[in-house]
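Each of the two complexes below includes subunit A, the first together with subunit B, the second together with subunit C.
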Partner chain A sequence: MRHWVGICVLILTILSISFVVATNINVLVLSTNVKELAKDYLMYTYYPWDKYFTAMSPEACTSIVWDFRGLDTVFETMVFYLAIIGAIALARGIPLKLPREVKGELGLSLIVKTVTKIVPVLIIAVAGSIALHGHLTPGGGFQGGATAAVAPVLILVVFSQFYLLKRGVNKNSMLLLRSIGLTGIGITAFAAVLIGLATGHYAFVLQNQPKPLAPDVSLPAFVGGQLISGSLWFFNFFEFLAVAAGFTIVFLLITLPEKLVKTEEKEQVEEGEKK
Partner chain B sequence: MITLSEYFMTILITCMIVNLGLALYGVFFKPNLIKKIIALTILGDTANTFALIVGYRMWVAGVPSRPPVFTEWRTNNPLLLMIFTKTAVDPLPQALVLTAIVIGLAVTLFLVFLTLQAWKIYKSVDMRDIRRLKG
Partner chain C sequence: MSYGEAVLLGITALAAIFSTIATYMAIMEKDLLKAVIFSAIQSTIYAFIYYMLMAPDIDLVYIPVAVGLYPAVIIALIKKTTREEKP
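Entry: the complex of A and B
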């Protein structure tokens, strides 16, 4: 009862304060215009008439994230991986492996399991379409990867961790996938430079379309009539792999059965005493 | 005299300021570590919503604002691009929020791991208990 009184007082306070503010001050009204910088971004996100300024991607957010402010996103990826590496380091010494014997049936009921056999496929498909169409529609590597990481969580909860481990989704394979993703991001970032070195022209790191100082080097915007926006498609694809694998590792480690961790710690202590 | 939409907008922004205050209260004064993490995620989401509102654009003459995606790129028509530039919202805050959400999720997972480790060692996630223990 006391909770409800508090919430009602809070809501009434908010409503009255907003009424007073809205009637007296005019500052909270939104502008019908955006900043000049934003107009430039919107104008040059897909502008095939002047190749020196455009990113050749109809999606302004993706062109900002991976072209106009590409270096910034590389550092954001670094922050993301520092957090993931921190989580993995905290769980060091806990090996992810199958138990010697499993008693009884693991996981939830048959109905939930049957539904869960279908749903992760759909989740992965949606995540792939979000990531691979990131340069055409809202979405991109980060969102696609975060969506794809939901599928292993679902399987972890419904089937148990051993179901995933038995099928090869373990820490090492996910670390490999993550490394492939990060290496791919690095190669794509240096692709223009490598092409420039091979052909003897100037080029920039993280370059996509030709620039005034490097007019001869560019990554193709169209491949076989399909718009791939140069480096953006590759960045989205590799970021998708890296984010999905990174989250899967952390989810695998966080759902470790406590009993298993404790027996492992005990065995390690005993082995240490023997030595 | 104010219009209803202005009033609703003011309610939204006031709610978000109150939300910020509640989230900061939760981070500083709640003793439970899990509740601290929940308050931190609320803080992050509120900050992201503020960033989106900064880049938002009011409807001009009843025409809705568009997301910053130029869907008619196949036509190669500069006129449509001009209309798009005049009606789309600011893409920069959205690009910032896009990465902030995923990094926020990673940082939250790291904090959850820290809490899990604290629980394994101290058998408690209450700051008052952990503070009393030494080592």
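Entry: the complex of A and C
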């Protein structure tokens, strides 16, 4: 085994660095106290006694991601969607459709298929729970969407792509779902401004709870006694839709059977020459 | 620091060493499919480390992306190219 030497050197390096850090912890590590900024964030993430600074969500990460630094997240979302638009543009003109004839059984063996019939349901359920409880427990829209995208990947591998295409999970339906998600994020971002325009008050883009300069406009933190944290629940839900659909499009395009596309292109060229 | 905390941190440190070994094997392995599996092992250990370091938010996005989606992309790539790494 020629790898053993390398592995031993690696372990020795790690152990020696750990030894140096552990024996000089007072010199290398500056402070073990929680920083003031972090303390403020942790305190104001759910703080109903001061409406002007809180995000009304007990989950610090979600309230930072979608409220305290909401504009950053909007740009992050934009980067992700530009990447997916790039993937779609690369596969332009390639039809995702069923083949004219299918030879034999598609996909993996019966045992794998039987197990996979159960698992995607569980994955989607967990993903929905992660996304819709994103403002209460760890999780959120992107996490839930990425989890939900594992289910179509599993079906793609085990049942073949045609199983999904036959059931209406194709590029166009996923693009529609993704566009609904994006539009939802946009509307939620401008919701406070729209309310402000309707009621004649001053309001901000991406505003959630009332702010010192816009004290009259806010999105409801509670609906029917349930905490939804204003805009956070809507952001999480729409991001979930958009991320799950975006990943599904990319995987549908990646697992495209190349032979089928090439024969179809050849046929189209031949037909064109005949005309 | 209590005794229990020290034990848990020790387990985390041990897991970190194993993840480094998995990364090394993923880089050195010539069979790319095996390299993807080593990379997935490293990702699984990282998911555990994130959990132990009390970062459940990043963990929830790391598990599907690094254990599910990323190996799927690389395996699709290997299927369309070659399985052996050429020198």
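As a convention for this text, the second predicted complex is superposed on the first by the 253 of 275 C-alpha atoms of A that agree within 3 Å, B and C clash if a C-alpha of one lies under 4 Å from a C-alpha of the other, contacts with A are read in each partner's own complex, and residues count from 1 in each chain.
Simple rule for what comes next: a residue touches a chain if its C-beta (ideal position, glycine included) is under 8 Å from a C-beta of that chain, and two chains touch if they have at least 3 such contacts.
Bear in mind the structure is a predicted one, so any value in this text is a computation, not a measurement.
In the superposition on chain A, A:130 makes contact with subunit C only, not with subunit B. Judged by the touch definition given at the top, the superposed model places A:153 against subunit C, while subunit B stays out of reach.
Within the superposed three-chain model, A:162 lies out of touch with both subunit B and subunit C [touch as defined at top].
With both structures placed on the common chain, the touch criterion links A:10 to subunit B and to subunit C. Once the two complexes are overlaid on the shared chain, A:143 sits against subunit B and subunit C alike. Once the two complexes are overlaid on the shared chain, A:240 sits clear of subunit B and of subunit C alike. In the superposition on chain A, contact of A:255 is made with subunit C only, not with subunit B. By the touch criterion defined above, A:86 reaches subunit B but does not reach subunit C.
Subunit A has more of its residues touched by B than by the other of subunit B and subunit C.
Counting contacts as defined above, subunit A residues 10, 14, 18, 61, 138, 140, 142-143, 146, 247, 254 meet subunit B in one complex and subunit C in the other. Contact residues on subunit A toward subunit B in their complex (touch as defined above): 10, 14-15, 17-19, 21-23, 28-35, 37-39, 41-43, 45-49, 58-61, 64-65, 69, 73, 76, 79-80, 83-84, 86-87, 90-91, 136-138, 140, 142-143, 145-146, 227, 243, 246-247, 250, 253-254, 261. The touching residues of subunit A, counted against subunit C in their complex, run 3, 6-7, 10-11, 14, 18, 61-62, 130, 138-140, 142-143, 146-147, 149-150, 153, 157, 247, 251, 254-255, 258. Taken together, the subunit C residues at the contact with subunit A in this complex read 13, 16-17, 20-21, 24-25, 28, 56-57, 59-61, 63-65, 68-69, 72-73, 76, 80. The part of subunit B that touches subunit A in the complex is made up of residues 2, 6-7, 9-11, 13-15, 18, 53, 55-60, 67-71, 73, 76, 78, 81, 84-85, 88-92, 94-95, 98-99, 101-103, 105-107, 109-110, 112-114, 116-117, 120.
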